[in-house]
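Once you scroll down, you'll see the structures, which are given as structure tokens.
Consider the two complexes below, in which subunit A is the common component and subunit B and subunit C are the respective partners.
Presenting the complex of A and B:
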């Protein structure tokens, strides 16, 4: 999995992973998100447009990021999930915790 | 015209007919006796010649050429054995009385042929005497075709939705698709251009009284071949003595059209090969599984920092998975049904993945509990409780969302150790899909299962041969490629279940397609002697001619008797002249089987391209170059002889004769390339008498491609 981080002028960090978010890559993402928060960036948007597949460990990494950000007084939002990710979020009811925003712009609004 | 291949050939000269017995069976017995005599003589003389060549005549001074020529001659002699064995058992059959109660489906396969061409075939198929249903299997899925078929009153079949995005397997796939959608006990297969005679089923169904007969093949005969047959389209040797000979060994070939097949045999074949492929796939996957799992585990261990408990869970998961693989392998070796062992394996894999998912979910729950500010976001209750939902667990452990699928190789393993065939549109593929000549591969598999076959030597359908050189060459190339694919994918020498005779009959056909390499030697040898003086034999003296000439003479005599009044010369010419095609077929066929390269498969067009100005010399340039070299070498040598530069008259004579023979054989391509189709006159239609002949003329007139 590739990952780019773009820090906007308003301080929000936009994280764009590319590739499957699964057992192989989840630990990486979890670590990267923790590093960002530790580095002072507490408001995060994870753009899932280029993530075709998420499994339970991938969900775990996102929830882990949410916890870390909230504990630091910030927040984490996810944007533009692919169909498989949307289905998995709904089946696990985690969409009630991590609301899937349709676009990055919507996720950024009010963050 | 010598293209009529009905048993009562009108081409036999009257004086000869008067000499032959009037009774067909007696005539056949006489012919077979003569054939066996001449086959025996041919092989004996060939042995005498070849052993002299091996023991006394190799000229080691020109050893590369000498050895190449010896190899080519050995190849040809082995070919003579295979041919002789084929003809030895030439079998003549009388059609048994038909099966009145049989249910029959007539399949007309088409791709993108003109609608009007297919219409003629559909009408003729509907008019077949025996009750039947007629289906058009349209792989081109054209709206106009559907309209025509429904207007004529036939049924129309296209591929089902399952085929979308998967391998289509060309004509074999088209037939397999239709076989699973129809019910008749027997299936008559016709190419789009093969117009059946009304009695085609009456004449063939009777053979199925023998419950072991899987198919009855009839000849392919082309109604549009001009006098002289410039492209050698009428395969009179194949749809005649060769098929009759193979029939004698219970090894008649199924040739893709004009054949009736027993559905039960096809379905049994489909099921047998489904099970066999499945076991092979599962065994291969399990054999590789240990390595796959080890490397996947290593890969995961390196892929990021994990907590101690995560690492522990992962190790436990992989150790359980390895145990599951191990047990499945044991079960397979112990003969447990694949269905049971794959089910057990899939259940254990699901348990492993549940273990991993449960760990992840527990961690998610714990983290959610530590995350501030979630209560307001979740007015309906605790999210942690919602996570216990069975649905969540099921969704996350399903095979395609399981964490085990993280490594591609493990994902493939989980897919492979199952009875579902996710890479094919339908699990049952009755017609073999391992070759572009699915017919030969299918026949061989049927024979290997113990089914019998029949070749019925009577023209009961008339088709259209290619009308231009390019198309004719493409067709030959495809046949040759398909044969080479079968030879190297499912060699008749190793396939289980075939009798020795059947093995040899399949080998015989495959053997002929290797001739391109020998031909190069036969073309090069005289050129090298005439120009450079390379002599592959010690001397072209009396000894040489004493050994060679009787062999050559008897060999030609054999072809005369095999032909039995029909010329085999055109066929002989093409088998030599198409040497570049045969070589390309072998190299591309091998490339396909062993390196997965594409063959560049083309459907043989049934109509000739409308405009292609100029003569297609480029298609036969290698043959033209060979002829130029041969002629040049002869002239050069004769000039040197005239000037008295060198003087071996005997050797020169032999080589000039040899070169001339080569040129004569190759010259067929000039005729073919220069051929221009003319309007077919009514006289070109063979007089098969009565209504059939008249109908045929009408068909021909209707079938002229527009603008021709």
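Presenting the complex of A and C:
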């Protein structure tokens, strides 16, 4: 998995992982999100467009990031989930706390 | 047969890809995308579970993980075999018994089980979703520890 972080002029950090988010790569994402919040960037969008597969470890990393961001007074939103990501978010009912936005633009609006 | 290590889990996705290609040729009505995604999710979760529990890091345990994928006219099946530590969990799966039936994808799409409504984010768990996901996406999930010291997991999804 590759991770790119794009910081916008409004201060929102857009994190774009590429590849499977699983037992192996989840720790990297978790660390990246924690580092961003620790560095003062507490409004985060994780764009999942290039993530074909997420397992429970990946979900855990996203929930961890959400908690860390909220605790710092910010928020984390996910954008453009692929079909498999939507399936597992709904099966775990985590879509209720981690609402998927259809596009990065929608996730950014009002963040 | 793959070495049971986290970095090797990606191999499973390649195997599944080849399996679906075979299923497409053998079955008149190939499974829908959501069915494939659900089955792949369950296979990945059980594999990750074996890597974590049967061959935990920092122990002398190491070894291999065997995966057999089969398609039948009415169902698809995955069977994992390993010789690692026996599986024990706070979310037990009775030996030889099917877990709760819930399904996504191959027949009618039904809602899966999940936690209660989640209002307070700080109380949302960050782990423990693996087996729940596997149960929710499958029609049957069986774990057996054989007297010979083998763990077997049988995953069934009806078409």
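Here is the rule we go by: the second predicted complex is superposed on the first by the 111 of 111 C-alpha atoms of A that agree within 3 Å, B and C clash if a C-alpha of one lies under 4 Å from a C-alpha of the other, contacts with A are read in each partner's own complex, and residues count from 1 in each chain.
Quick note on the criterion: a residue touches a chain if its C-beta (ideal position, glycine included) is under 8 Å from a C-beta of that chain, and two chains touch if they have at least 3 such contacts.
Note that the structure is predicted; figures quoted are calculated from it, not measured.
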Fill in: Clash-or-fit label for the pair subunit B, subunit C on subunit A
clash
Practice prompt. Could you tell me if A:83 is touching subunit B, subunit C, both of them or neither one (first, second, both, neither)?
Written response: second
Item to complete: For A:74, select first, second, both or neither according to whether it touches subunit B, subunit C, the two together, or no partner.
Response: neither
Discussion item. For A:100 in the superposed arrangement: first (subunit B), second (subunit C), both or neither?
Written reply: neither
Worksheet item: Given the touch rule stated above, what does A:17 touch, subunit B (first), subunit C (second), both, or neither?
Response: neither
Practice prompt. Figure out whether A:28 sits in contact with subunit B (first) or subunit C (second), or with both, or with neither.
Written response: first
Discussion item. If we overlay the two complexes on their shared chain A, which of subunit B and subunit C does A:66 touch? Say first, second, both or neither.
Written reply: both
Response to the item:
Only one listed stretch of subunit B (383-391, 491-499, 563-571 or 581-589) runs into subunit C, and it is 383-391
Item to complete: Identify the overlap between the subunit B-contacting and the subunit C-contacting residues of subunit A.
Response: 20, 22-24, 53, 55-57, 59-60, 63-64, 66-67, 70-71, 84, 87-88, 91-94, 96-97
Worksheet, complete the sentence: The subunit A residues in contact with subunit B across the complex are 20, 22-28, 30-31, 53, 55-57, 59-60, 63-64, 66-67, 70-71, 84, 87-88, 91-94, 96-97
Response to the item:
subunit C residues touching subunit A in their complex are 6-7, 9-10, 13, 33-34, 37-38, 40-41, 44-45, 48, 51-52, 104-105, 112, 114-115, 117-118, 121-122, 124-130, 132-133, 136-137
Fill in: subunit B - residues contacting subunit A, complex
299-300, 303-306, 310, 314, 356-357, 360-361, 363-364, 367-368, 370-374, 377-378, 380, 383, 386-387, 389, 391-392, 395-396, 401-407
Discussion item. Touching residues of subunit A toward subunit C in the complex: what are they?
Written reply: 20, 22-24, 53, 55-57, 59-60, 63-64, 66-67, 70-71, 83-84, 87-88, 90-94, 96-97
